[in-house]
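The structure is given below, and queries will be raised subsequently.
We call the chains A, B, C and D, going by the order they appear; numbering starts again at 1 in every chain.
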Amino acid sequence: MSTPDWINRSIAKLLPNAKKGDPLASSKARAASLPRSTGQRLEATLRRGQEALSPRVLRRTLVELQGIADPQVSEVEGGRRAMGVIQWYARTTPEQRRDAWLLMSEQFGPDAKKVSAAREQYDAAQGTGDEGSAEIRLRRAFVSPRTRLLKRFAVAPQGMRFLLELRSELLPQLKTDKRLVALDAELEGLFSTWFDLAFLELRRISWDSPASLIEKLMHYEAVHDIRSWADVKNRLDSDRRCYGFFHPNLPDEPLIFIEVAFTQAMADGITPLLDEGAASVDPASSSTAIFYSISNTQRGLRGVSFGDSLIKRVVETLHEEFPKLRHFATLSPIPGLRGWLGKNAAGLLDKLDDKERLELGQALGSTPPSTQSLLTALEAPLALPASSPVRQMLLRCAAHYLAQGWGNGKPLDAVARFHLGNGARVERLNWGADPSAKGLKQSWGLMVNYLYDLKRLDKHRALLAQGTIPVSGDIESLHF
Amino acid sequence: MSTPDWINRSIAKLLPNAKKGDPLASSKARAASLPRSTGQRLEATLRRGQEALSPRVLRRTLVELQGIADPQVSEVEGGRRAMGVIQWYARTTPEQRRDAWLLMSEQFGPDAKKVSAAREQYDAAQGTGDEGSAEIRLRRAFVSPRTRLLKRFAVAPQGMRFLLELRSELLPQLKTDKRLVALDAELEGLFSTWFDLAFLELRRISWDSPASLIEKLMHYEAVHDIRSWADVKNRLDSDRRCYGFFHPNLPDEPLIFIEVAFTQAMADGITPLLDEGAASVDPASSSTAIFYSISNTQRGLRGVSFGDSLIKRVVETLHEEFPKLRHFATLSPIPGLRGWLGKNAAGLLDKLDDKERLELGQALGSTPPSTQSLLTALEAPLALPASSPVRQMLLRCAAHYLAQGWGNGKPLDAVARFHLGNGARVERLNWGADPSAKGLKQSWGLMVNYLYDLKRLDKHRALLAQGTIPVSGDIESLHF
Amino acid sequence: MSTPDWINRSIAKLLPNAKKGDPLASSKARAASLPRSTGQRLEATLRRGQEALSPRVLRRTLVELQGIADPQVSEVEGGRRAMGVIQWYARTTPEQRRDAWLLMSEQFGPDAKKVSAAREQYDAAQGTGDEGSAEIRLRRAFVSPRTRLLKRFAVAPQGMRFLLELRSELLPQLKTDKRLVALDAELEGLFSTWFDLAFLELRRISWDSPASLIEKLMHYEAVHDIRSWADVKNRLDSDRRCYGFFHPNLPDEPLIFIEVAFTQAMADGITPLLDEGAASVDPASSSTAIFYSISNTQRGLRGVSFGDSLIKRVVETLHEEFPKLRHFATLSPIPGLRGWLGKNAAGLLDKLDDKERLELGQALGSTPPSTQSLLTALEAPLALPASSPVRQMLLRCAAHYLAQGWGNGKPLDAVARFHLGNGARVERLNWGADPSAKGLKQSWGLMVNYLYDLKRLDKHRALLAQGTIPVSGDIESLHF
Amino acid sequence: MSTPDWINRSIAKLLPNAKKGDPLASSKARAASLPRSTGQRLEATLRRGQEALSPRVLRRTLVELQGIADPQVSEVEGGRRAMGVIQWYARTTPEQRRDAWLLMSEQFGPDAKKVSAAREQYDAAQGTGDEGSAEIRLRRAFVSPRTRLLKRFAVAPQGMRFLLELRSELLPQLKTDKRLVALDAELEGLFSTWFDLAFLELRRISWDSPASLIEKLMHYEAVHDIRSWADVKNRLDSDRRCYGFFHPNLPDEPLIFIEVAFTQAMADGITPLLDEGAASVDPASSSTAIFYSISNTQRGLRGVSFGDSLIKRVVETLHEEFPKLRHFATLSPIPGLRGWLGKNAAGLLDKLDDKERLELGQALGSTPPSTQSLLTALEAPLALPASSPVRQMLLRCAAHYLAQGWGNGKPLDAVARFHLGNGARVERLNWGADPSAKGLKQSWGLMVNYLYDLKRLDKHRALLAQGTIPVSGDIESLHF
């Protein structure tokens, strides 16, 4: 099999006087051994005519990648070659990177013939007692050169970080370019084994941790922005706890981290927790641990989930260090509330009885109360008195959203989805709990506690699997 | 879908008065959700009637395993359940373990319906530009619950060691029981990612290493038995080097280790290297590093190879520490020589010319020389004078064995296979190099040097791929 | 021997109904064994009548201290008792602490009788060949219970820190209260052995060091204030170096630290070195290492000097890491310049020749030039053009100050004293090098480079010992 | 002041043609600054005419030592010079070393004039309120150049070990050569501060400790010889504990270590504790910790005691790890018993009443019983039946030795002295407890338990201080 003529021709044009010493020569030799299908695919790729890489560079890149994946070559040598590509890649434009992804995604698939043969054997084996071997053969046929390619990148120094960042850049383009799906899935598959829970180390992060690590927390914090070093010092102080999962190949930053405060009662607002001047608390005599922030750091690990395990390990660790702790709960944002209520307020208003509707209408100055008037009245939620029917309405709506909001077989709210999936239950709504701009924008300042009742996690999970969101009596009595 | 009646009936017999508090009750509930195919397979398994586990225990074990693999359950919980099974397993008999393996191998395969549907989509997708997604779907359909099951074992404390030992015990039975192939292949696949080179740390082992670690070297050493602590101290002294690959989940023992001595010329015998009383050597002024022993420690990692990478990393490390080193070679046994020569001596004797045949015949007291007379004369090889035609004959045979011995597309000798595969070449035969009982038994005391010429590793590897074993001029001139 | 009656009486008044279970009882028992002289001293102390501690507390404190120093008690027990005093001390007022110091200083001196007897033996031994033993006996007689007392404080957890802080608080009072001298000298003597160079570890401090440690740098930095975390990050970046000496008992903070920048020429101003936005530099290709800040952290270690050793070790370490470095120099403040010039300007103006005096007078608008007019003209030094005679005058004065300023057998300027004592020489003056308020106030913005010429350190030191300050040709040509 | 002429003359003879480049030249220059008294002392030393070093070498050595102690030289430079002397010293003979010690001991004493002046000031200060300063001045006058000399040796790499070994070699000669006393005392003084308890780290030694460290235990074990690696493994196993004190400058070996076994009752024999095949014990459910061996490793640290502190820290550590432990006791040899009984048997025989004397005489076949007949009968102590009067007699004698043996104000037996000094009491004698040759030789196989009753340590210590050895009722009833 040979490289398609048109490619060779175009290279010939670009390099009319290629000599013996031509650095491409050995690459050409290697390229000559491409299986037909690869050549054809490459041809198709090149014909698209939208490449950011010139045909010559594209082809050379392919040859380089093939050199890495070459099964004749040792892993150490493969890793060394990968290092070269990593250095080249660092200097490319986003468009050129996309071309490299396409090569990885399309040119390193499983061998169609092998797959076909293995399928026939598999079909034939059914019922013969040899199903096991046949299954193995078929699965092996699906092990693509792409797997070897990516593993060898992982061997290179900083190779794991390279792959994580590659996927992180690739993910946003996945929806619009289906050709990248194979590469993405291969990465997710490898990551889910490489970043297996068995390899993760739970480590406390404190004010004695490296400044460079703490700086990363400031960067990655996704729930309540860290405003300054004084802010992060407060969160890492001796009366707080912060834990992260670390992986041996990424020793300098956590994959995910969680921040914990200690209180005597379930926290009803974020302000005191973020107050750098607040008096110190004695964790050893506290009854309650509040998880007030949890952040993933590696976008490239999408689909590989640690949050559940992190919370469970942290609960165990805290329990051992502070035997007096009895309650474990979150203080969480409700990021989807405003968006959801905008679309669903009308339906909820309809559920009010006459008396309720009247009272609310009066408070809103709009009879009957309308979505528009409700939203207008909510523009300054912190100014609403405790007795305001508007306030009561929003609480009921929020309870409804959390207790009944269901879509695609899952809770609607992203944060709810996470904690409910872990076996927590919706415990309490807190008015004005997050008065920051972000908090007001997401949920008019409302926050919610999810309670981790260690003895009921499994029961709650089972309820959820049957389509029922577990909630406290308070929430139950609130929603429609 | 329900558990087959006959199973339920047999359980009913065993447990006629099962009460509410029955510890099996919840297991039963879980078992009730088995997919039909699993039940059917189990039924088939049980009907074989040769089980070491009673039907009840077998079934309960299955339920336990399903509880671990349950996707509804968190990884942490899965790991905790796995720990229970690990503890049970530790007390079982070999036959009972085999039953557990069969459950893992046969009951946790991919879902036939999903596979079938994915195949149809895959076929339909060819040529549509959606091949990538279809490939992914098909591969996902092949991801069996067994993968999740094994991953969750890995999460348990000591879980990785459990899996390694399980496979180590399982491997010898693989040939006679094909039903175990699926489990074995699944383990090999996971191990090849978990024990990826990217995760291995090259560490020096010295006399300052933990005594418990050094004791393990004594246990695992596979080439030249370690006779005493004085012996191992000599091998770890400041004028020696020993390196191992370590994995984060098995921090207490190397996966593989290699022993290095420093010399001024290529070593021609093992005795001075193992002599505890020999004078110390200065590595910094030595020209040659001799690899005189390399041992794998984990039988359970069969198929996952590190030796190649280890030698390359060690060569790099030594090169950096001792810039004057110029030669890297092994002093290796020839384990297959005696067995091979017994079968092939006659053919080789035929290759002698008349003069050679005459001389050898006289030396053997048998004209013409026969296989039997040759083997008899070799019974005390160390007594043969340097000029003996018998000695010359054996050297020629050994050279032939190493340079021409080829089978199944690979070098015949297991040690040769390893070093040649790494790109080394057969360099020199050494008479009387291993006068130990083992050395005499394997190869009449002969040892061989394989030379690692860093600039030619790739060239040698390519030669080998074409079927030619690279050898030195000396060896070339010796063989028939 | 008994406690003086008047003390017992005063205690009797305070505790009229002391019962058997009285917590003081055992203390009393211990107090009963005080040697007479101690009792007398205590009496004298108490009679001064200015104590912040009541007689009762004072006496109890003495008993506690004696309990710690008791030679009958084990070191572990002594350390445990010391811990109690440390906790009490933490809650005392400055005046009460002074009382505790006086007890330590005055009540734990050497035994006068023993000293006297040992002196007689020493005198008698001269010329007998037994001088060695006699010397030993005499020195032992001087080993006071105070030494044992302080050593046992050191054994308590945090005891070393306690002693360091105690001396740090005590030092300012030493001039006005001679009674504290004995305690201070005892502490200095112990510290000079405990903090022996043999125990100090040179460690790099970087952005990967604990945040809590870096926060301490910000606190202790004594030369160029650290303004923010961005500032300190710049000083610890990968193109900088910072080293400190650490002691095993104070693992969390350096005793002294030094900041180093890399340049292609001797730095002539501090601004680019503190510029957080400046482009990164490659140390490996730099010719010059600039020490631009060195700070002690433990005031309590006064008299125990590390700076000399630190600079030498850092020079060695840098030399090894960056073989291309050829010059090692400081960029240093001249803290004493302004104070000195105010007093000495008149004398220097007299040294000008007529022409110089005329030019300077014209520039100052004052003929002849006066001290006052000179200082007035220097009020905005950065505005002076390069050719201004005023500028030239200041440079000459500064050169004179550094090259000729001599007092008490040492260079006048404190920073000069340190670097010249290490063997450096005065190399170059830099106009406007420190435009900060502090720099302008100390030395009208002037800074000086001291050059560490490794081959001449000893020669320079010898020159200095003979009273000559080593300077460069530039400086030589500048001064009067 | 100049070097005495006769020394210069003898050097002139040895080096008639000394040239400009003479490596001694700079040494000579340094020597020229020797204070008179030093020269005179050296002259005296040399006149003794018994030196192992030639006058030239002796003088050069002195100059080298003075170069190290030179206060004009930095500590780093002093340390570097010391390194040179350490290397020279390593190659010298014992006699030459003695000469070097004499130089250190005799040539670096305090300055007689300074001492004299300080004494006058001290005398004058008495009663003036300035006693503190005067005390300080006098003590400073006694700080000899020897202190600086030794401190700078400590700064050199391996310098601390050099000093320890120097003193270890010097100690045996101290009795016969009083001139070495000053050096010895200076070393002891420095060691007692350098090896302060505050610097020692208690570390567990286990089978996971470095083999090189464990090998040192085998070397240093002083009570029950370690026979093999299997023996030491048994003592470090998971059901045992071994702890040592480590110093930051000697990280590779403990200064002292102790071995602990766990039992259900106070151990009555050493054999089961040293039995490698004995079944494993669960420390967590044991009631008793038995200290069965404690060994110092550094002879050079004589006079600096850690044993007391080690046992207390170990008791605390064990208590924390195993809260069920209630008894802490030793199983100890009685090394001085046989020697003592040989001299004191007659007196003890006299204390027997008639009946006892008769019975014993019959058993010994000697009426009345004589020392000689008693010792003869004890030649095979293990053969004596439990009821033998001889056995009873030995037990009574041993009890008497331990409970009444008193000399120089201390218990006679060296091991008893140590444990009683720590506050333990003599608890129980154990017949045949150490059947080894050493055990039979020391004490006819008898061993003793000392009990550490944590609540009574102080009380026991006080008893001892009053001259009473605390013993159990059993021992009380045994002795005469």
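Just so we're on the same page, contacts are C-beta pairs under 8 Å (C-beta built on N, C-alpha and C of every residue); 3 or more make two chains touch, one makes a residue touch a chain.
Here the structure is a predicted model, which is why all the values come from computation and not from measurement.
Peer 1: Along the shortest chain of touching chains, how many steps lie between subunit B and subunit C?
Peer 2: The fewest steps needed to get from subunit B to subunit C is 2.
Peer 1: Identify the chains in contact with subunit B as well as subunit D, in label order.
Peer 2: Both-contact set = empty.
Peer 1: Which chain's centre, taken as the mean of its Cα atoms, is farthest from the centre of subunit C?
Peer 2: For subunit C, the chain whose C-alpha mean is farthest off is B.
Peer 1: So what's the Cα centroid distance for subunit C and subunit D, whole Å?
Peer 2: Comparing mean C-alpha positions, subunit D is 38 Å from subunit C.
Peer 1: Nearest whole angstrom, what separates the Cα centre of subunit A from the Cα centre of subunit C?
Peer 2: From the centre of subunit A to the centre of subunit C is 53 Å.
Peer 1: As a quick test, compute the distance in whole Å between the mean CA positions of subunit A and subunit D.
Peer 2: That gives a centre separation of 64 Å.
Peer 1: For subunit C, what residues touch not just one other chain but two or more?
Peer 2: none
Peer 1: According to the definition of touch, which chains form touching pairs?
Peer 2: The set of touching chain pairs is A-B, A-C, B-D, C-D.
Peer 1: What residues of subunit A sit close enough to touch subunit C in their complex?
Peer 2: Residues 207-215, 229, 233, 236, 252 of subunit A touch subunit C in their complex.
Peer 1: Which of the residues in subunit B come into contact with subunit A in the complex?
Peer 2: 72-77, 79, 105-106, 109-110, 119, 129-133, 135-136, 138-140, 142, 144, 151, 154-155, 159-160, 178-183, 185, 189-190, 193-194, 196-199, 248-249, 308-309, 312-313, 422-423, 458, 461-462, 465
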